[in-house]
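Take a look at these structures.
The two complexes that follow have chain A in common; it is paired with chain B in the first and with chain C in the second.
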Partner chain A sequence: MEQKKIKKKKGQGFLHWLPFYLMGLPGLAYLFINNYMPLVGLQIAFKKFNYAKGMWDSEWSGFKNFEFLFKTKDAFIMIRNTICYNIVWIILGMVFGVTAAILLNEVAGKKAKKFYQTAILLPYLMSMVIIAYLVYAYLSPTSGLFTKIIERITGNAPEFYQEAKWWPFILTFVNQWKGIGFGMILYLSSIIGIDTSYYEAAQLDGATKWQQHRLITLPLLKPTIIMLLILSMGQIFRSDFGLFYQVPMHQGVLNPVTQTIDTYVYNALLKVNDVGMSSAASFIQSVVGFIFIVVANKIVSKADKSSALF
Partner chain B sequence: MRTKGQKGWSLGANIILSIMSLLAIMPFLLLIIASFTDETVAMTDGYTYWPAKWSLAAYSYILSQAAMIGRAYLMTILVTIIGTGVGIVMTSMLAYMLSQKKLPGRKILNFFVVFTMLFNGGLVPTYIMYVKTFQVKNTIWGLIIPNLLMSAFLIMLVRNYFENSIPEELYEAARIDGASEFYNFFHIALPLSVPILATVGLMMGIAYWNDWQNGLYYLSKDAGSQYYTVQNILNNINDNIAFLASNASAGVNLADLPTTTVRMAIAVIGILPILMVYPFFQKYFSKGLTMGAVKG
Partner chain C sequence: MKKKVLSTLLALAMVASLVSGCGKTEKETASGDAGDKETSSEGTGEAKIDFDEDPYEVYVQYVGLFEENKNIKAVEDAINAIALEKINCTVHLVPTFIGDLPTNTSLQVAGGEKIDVITVGLTQALSSAVPDGLLLELDDLIAERGADVSKVTANVMEAGTIDGHVYAVSGYPYAAMGTGFVYNKTMADQYGIEMKDYMTLDDLAAAGEILKENGVYLTNFGNSAQLNYKFFSGIESYGDSAIYGGITDPTESTTVENIYATDGIRDYFKGVKGWADAGYLPEGQLTDTTTVQEYFSQQKIFGTTSAYTVNQITSWLSPDFETGMIQLTDAVISTSSATEFMLGIASTCERPEKAMDVINLIYGDAEVANLIQYGIEGTDYAAVEGTENVITRDGTANADRNSYFSPFVHFGNPMDLKVVSPLTDSYYDDLQAFEDGAKKSLSFGYAFDGSDYAAEAGAISAVLQEKLPMLNAGQVADVDTAMDELIAAIEAAGIEDVIKANQEQLDAYLAK
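Let's look at the complex of A and B:
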């Protein structure tokens, strides 16, 4: 009797699976609304959008929006900034992350290790608004700590928020400062996985620590490093909106070094109300970003299937 | 058996990591000290680690403005609780469905979820849809629903846990005893998944607590300000400072802006809960970050 029941269940008709589908339904519905429905709106990039007429009834305008966009200086600036910052930060992030992870692995005391990890990861879980406040505490034109110190030494106060030349460095510092803890624990989790007998054997052979890391740790980390590099290359067309929007306090003067695709799209949409340009830039970001991710992932899955996203 | 070289490395590592820890913490220290600095001292000397005069004025100002700031605080808590609660239930139920290896259509459904990580409509269509079709502008839903409620990344994290850490036999045994699938989910899958659910809940909670973008997009300054969270208020103050800086003599009245120290005090109370809770949950947080980073 019992046996038969199980067998019957193994036949597994629709009724058997119904409860599972019901459980999945709310989540699937949400993803449909939040992630799939907006895709229909991509057509706005090819339309002369009119709020009153709505998306469907606005007239088609072909590639006009894109033509206008690429006639402006903004198009070049935002694409250059997005890509260049990403490349520099991906490389720096890797170098700092691996270094910090190797160092953390050298710390013997459990308490010290935990303290370092907790402290260095702290900035990672702060919102960009808060980070903008922290930066402002140092750079504010009236009361910033650095502003005042420089004023005391040189006699005149630097106007950080009005001079573009500082910002590539400030943004780079903030980005690394916020992200280094994440990189560190990421690489640490790979280092912990390395068989300690490699190191023991190397020590018996008289290898120095430096040699051990150069000849054991780094080569064994290589697959992880390459994988993460390629995966982050897939994100190269996206930028951290908060970092570029909040931290420079949206000062127009700084645009040449702080404008990225994401800040442009936001400003064009909600500040200037230029839906055409905004949707064109947004469209390019979605499509090119998608191509980058798919290509990056193809490369990763060729090398190691289990590391690929799909 | 520790050789001389090893001792050197260990010492060097400790020194460098101490400096890095210090660099990570110092800005927060400055923020906190700035909030306890006397206003006139802050104006003349700037923010320092060693203010000439300390003061609680910023905090008593906040207390006097309890209607505005207290309200924002409650808003933050409300949004965080609703968002995280609903998000975690929906995420784990969907993950449970996807974890059924023989589920018909599993491959397609998995792809349906993963694809959201690869391609999205971007801000413009999403914004227009939420504002025009769903009318979330200037409602609390504008803070909770767009983008934050679920992420494919967390769904996959929970799905993998269900698949790898809970033996199928447990469900089978319960089924023989006549348990429904819902019973299995709530009484077997969920209780056995507390570690991953804590991690996911923590990540979601922090995302909601920190969020200012939904407020920026979906709350307008006049009609939406009643729904402002702490982050939205901070963002708004920033906005006004920025406006002041680029239009030096324009209409914004200096007296309307929270003072130099009050600003910092609001920021401090905004991060206080995270600072207090984080050291205890650091383990879960780190685990969540590393688990998903390499494998999707």
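Let's look at the complex of A and C:
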């Protein structure tokens, strides 16, 4: 019965759907202008760009523009840093985001809920430059709050900006503190959509809160979690430039733990100002991101076809 | 059906984007030939102006500290009154923030935006702007329409030459430049610090000790990846921070070497570390975001390194104290000093001959040169009484430097330009004497074309960004270890190949 209805609708033809396509037109136009038109510029990564000749007439240079990325031993460090930080943060972001969403959903008071939600989201809206100065206020070698407290207690002031060992933790903390609010909202919107009758039935059967979340909330959140996971895979070769450059106050000595592909490209091209080389870096990031999304989606679809994105 | 429509739309999108990308107009690529539209008295450099056509508007990049100078429109109008009468065109000044200069220039030219006269040398070397295709060849234009340009910049014309063609004209026709140390003279007098005309790193250390006793730092190097060593050594540096190598004694030698592997730089960094250990430099300077200029004007440091020319001191004046300047190295006329600020014509310029007319007007007409350099008398500056050519901005609407002001630009013939107090009318004689007393670098006119070594330059630059700031600030535990690491890293990045290529290009240049 249901299938017949659908078939009948399909039979109504293109005219039936035309208004919907028209409605979608501005969005498609945006997508086309913003996401598809620039694709032709990818060729710049393989050219010795000349402003007078333009993109099409500049000479091809093969993979020459990619060489600077792999010229020094920094290549290993920056790729390791970029990928490792991203993997850790994707996992932590998921755990903290889901936890915060579940906890916030349990807050009964409407005003309190709004307050917590805003307070947790606030850092997400702050510029990295401001965050860099907030961190500096705590860690500054001459007047930082933490520096001074630790100095009082131990007699020695730690040189946060001169010692690399602190930064994997500082960067992780800042990243999670800043990003948790946004992830939380996405998960919360899914949790709110869960039918309350599941919980009522579970309560009648004597399920504890923990059991309710383990057996109802988490399984029903699975599609959202998987979707966000696959999408974040596309960003695995990218890094938040502000976080890795501004927050450590661009201290060269911290490079072993703060150098990522984006900060390396900035340092290398600050003086050289080469369009082809920056395009090459961006090209690699996009290609690797694309491969990661496809592979992650394939793995997910192998395990559970209905959860895969495509 | 839905899929079909979507795929059709996407296919259309791809095709359209290809077509739109093809849209670089012939006009843009063929601009180099556009210079022959008007007749001119060939070879004399005197342009024959067509006064019957509608005046053409020439867009001139004006580099500033701010996006907008308040009085820029009035300055334009005043210039245009003269330009219309003399060369039948108008000038539109395009304010460009110095921090965005290379990016803006690239985007303007690549995007086909209207820009005619562009500045080179300030933040992008001529030697990289030319291979990138940003500039037009000027040989014919100068020969046909640039009589005044030729006359004023003849001595340094070679510096704007790449592969035998002129691409830009120097804003520093008097290009003698040394290095110096600008200092707080009031403080020196107060603490009894003896400042000689010439000083060394060790001489300054003696001042550092006295200053420390009085709670003032000697200087501050900040978190910088610049090669500060050049201020104390007088080396000729190729590329920023000598990423393409350098010449240690440019008036005696033409050997390009890895500056970082020399004993001189090692000793210099040891000296600076000595300053840092002795407490002559501020603590936490690597994370301090206060600029050296702010430190100096707030009197927290005694002085700082700077280029040394006859009028350099005017960049460091303060209403709160008297400023002095001593010399660290001899003045040399070098490619880098002559190319520090240059004017060129964008490769996308539609009427290069009109752009050249404007450049020639700036070099030939004292009134235009002063207008574009200082703005309008009475509003942007006032004449100092009892002098012929000395001006001041204090007491005018430009006292806060936002009416019309750019400390970076150098337009026209310096002998035509007014000078800012405390310089005096003797400036012009001093400038000539300074120029006459300077030696010319043996490699004058040569610039390294590094376009085939961008990968190496990028990698070397990344290493220096990482390692130089700590050495510059004297914050390394051991200078020898840090220098060995730095040298190993830039060698791995390919500096030896770059230096070899640089030497070959230089030898070929000198052989010509």
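One rule holds in what follows: the second predicted complex is superposed on the first by the 205 of 310 C-alpha atoms of A that agree within 3 Å, B and C clash if a C-alpha of one lies under 4 Å from a C-alpha of the other, contacts with A are read in each partner's own complex, and residues count from 1 in each chain.
Note that in this section a residue touches a chain if its C-beta (ideal position, glycine included) is under 8 Å from a C-beta of that chain, and two chains touch if they have at least 3 such contacts.
What you see is a predicted model; the values in this text were computed from it and never measured.
Colleague: Please work out whether A:199 is in contact with chain B alone, chain C alone, both, or neither, and reply first, second, both or neither.
Modeller: A:199 contacts neither chain B nor chain C.
Colleague: So, does A:120 touch the first partner chain B, the second partner chain C, both, or neither?
Modeller: first
Colleague: Can you tell me whether chain B or chain C touches more residues on chain A?
Modeller: Of chain B and chain C, more residues of chain A lie in contact with B.
Colleague: Of the partners chain B and chain C, which touch A:40 in the superposed model: first, second, both, neither?
Modeller: In the superposition, A:40 contacts both chain B and chain C.
Colleague: Figure out whether A:28 sits in contact with chain B (first) or chain C (second), or with both, or with neither.
Modeller: In the superposition, A:28 touches chain B and chain C alike.
Colleague: Between chain B and chain C, whom does A:273 touch in the aligned arrangement: first, second, both, or neither?
Modeller: second
Colleague: According to the stated criteria, A:166 is in contact with first (chain B), second (chain C), both, or neither; which is it?
Modeller: In the superposition, A:166 touches no partner, neither chain B nor chain C.
Colleague: Regarding the shared-chain residue A:17, is it in contact with chain B (first), chain C (second), both, or neither?
Modeller: After superposition on chain A, A:17 lies in contact with both partners, chain B and chain C.
Colleague: So chain A touches chain B in one structure and chain C in the other; where do those two contact lists coincide?
Modeller: Comparing the two interfaces on chain A, one with chain B and one with chain C, the shared residues are 17, 21, 28, 36-41, 54-55, 136, 140-142, 161-162, 249-253, 269-270, 275.
Colleague: Considering the complex alone, what residue numbers of chain B touch chain A?
Modeller: Spelled out, the residues of chain B in touch with chain A are 3, 5-6, 8-10, 12-14, 16-18, 20-21, 23-25, 27-28, 30-31, 34, 42-43, 45-49, 90-91, 93-94, 96-98, 100, 102-104, 109, 111-129, 132-134, 145-147, 149-150, 152, 155, 175-176, 180-182, 185, 206, 209-213, 217, 231, 234-235, 238-239, 241-242, 245-246, 260, 263-264, 267, 270-271, 274, 278-279, 282, 285-286, 289-290, 293-296.
Colleague: Any idea which chain C residues touch chain A in the complex?
Modeller: So the residues of chain C touching chain A come out as 1-2, 5, 9-10, 13-14, 16-18, 20-22, 24, 28-29, 32, 102-103, 106, 109-110, 124, 128, 131-134, 223, 225, 239-241, 243, 283-284, 286-287, 289, 347-348, 451, 454-459, 461-463, 465-470, 475, 489, 492-494.
Colleague: Taking the complex as given, what residues does chain A use to touch chain C?
Modeller: Listed in rising order, the residues of chain A that touch chain C are 10, 13-14, 17, 21, 28, 32, 36-41, 48-57, 64-65, 67-68, 71-74, 136, 140-142, 161-162, 249-253, 255, 259, 264, 267-277.
Colleague: Which chain A residues qualify as touching chain B in the complex?
Modeller: 2, 5-6, 9, 12, 17, 19-21, 23-24, 26-28, 30-31, 33-42, 44-45, 54-55, 100, 103-104, 106-108, 112, 114-123, 125-130, 132-138, 140-145, 147-148, 161-162, 177, 180-182, 185-186, 189-190, 203, 208-209, 224, 227-228, 241-242, 246, 249-253, 262, 265-266, 269-270, 275, 278-279, 282-283, 285-286, 289-290, 293-294, 297, 306-310
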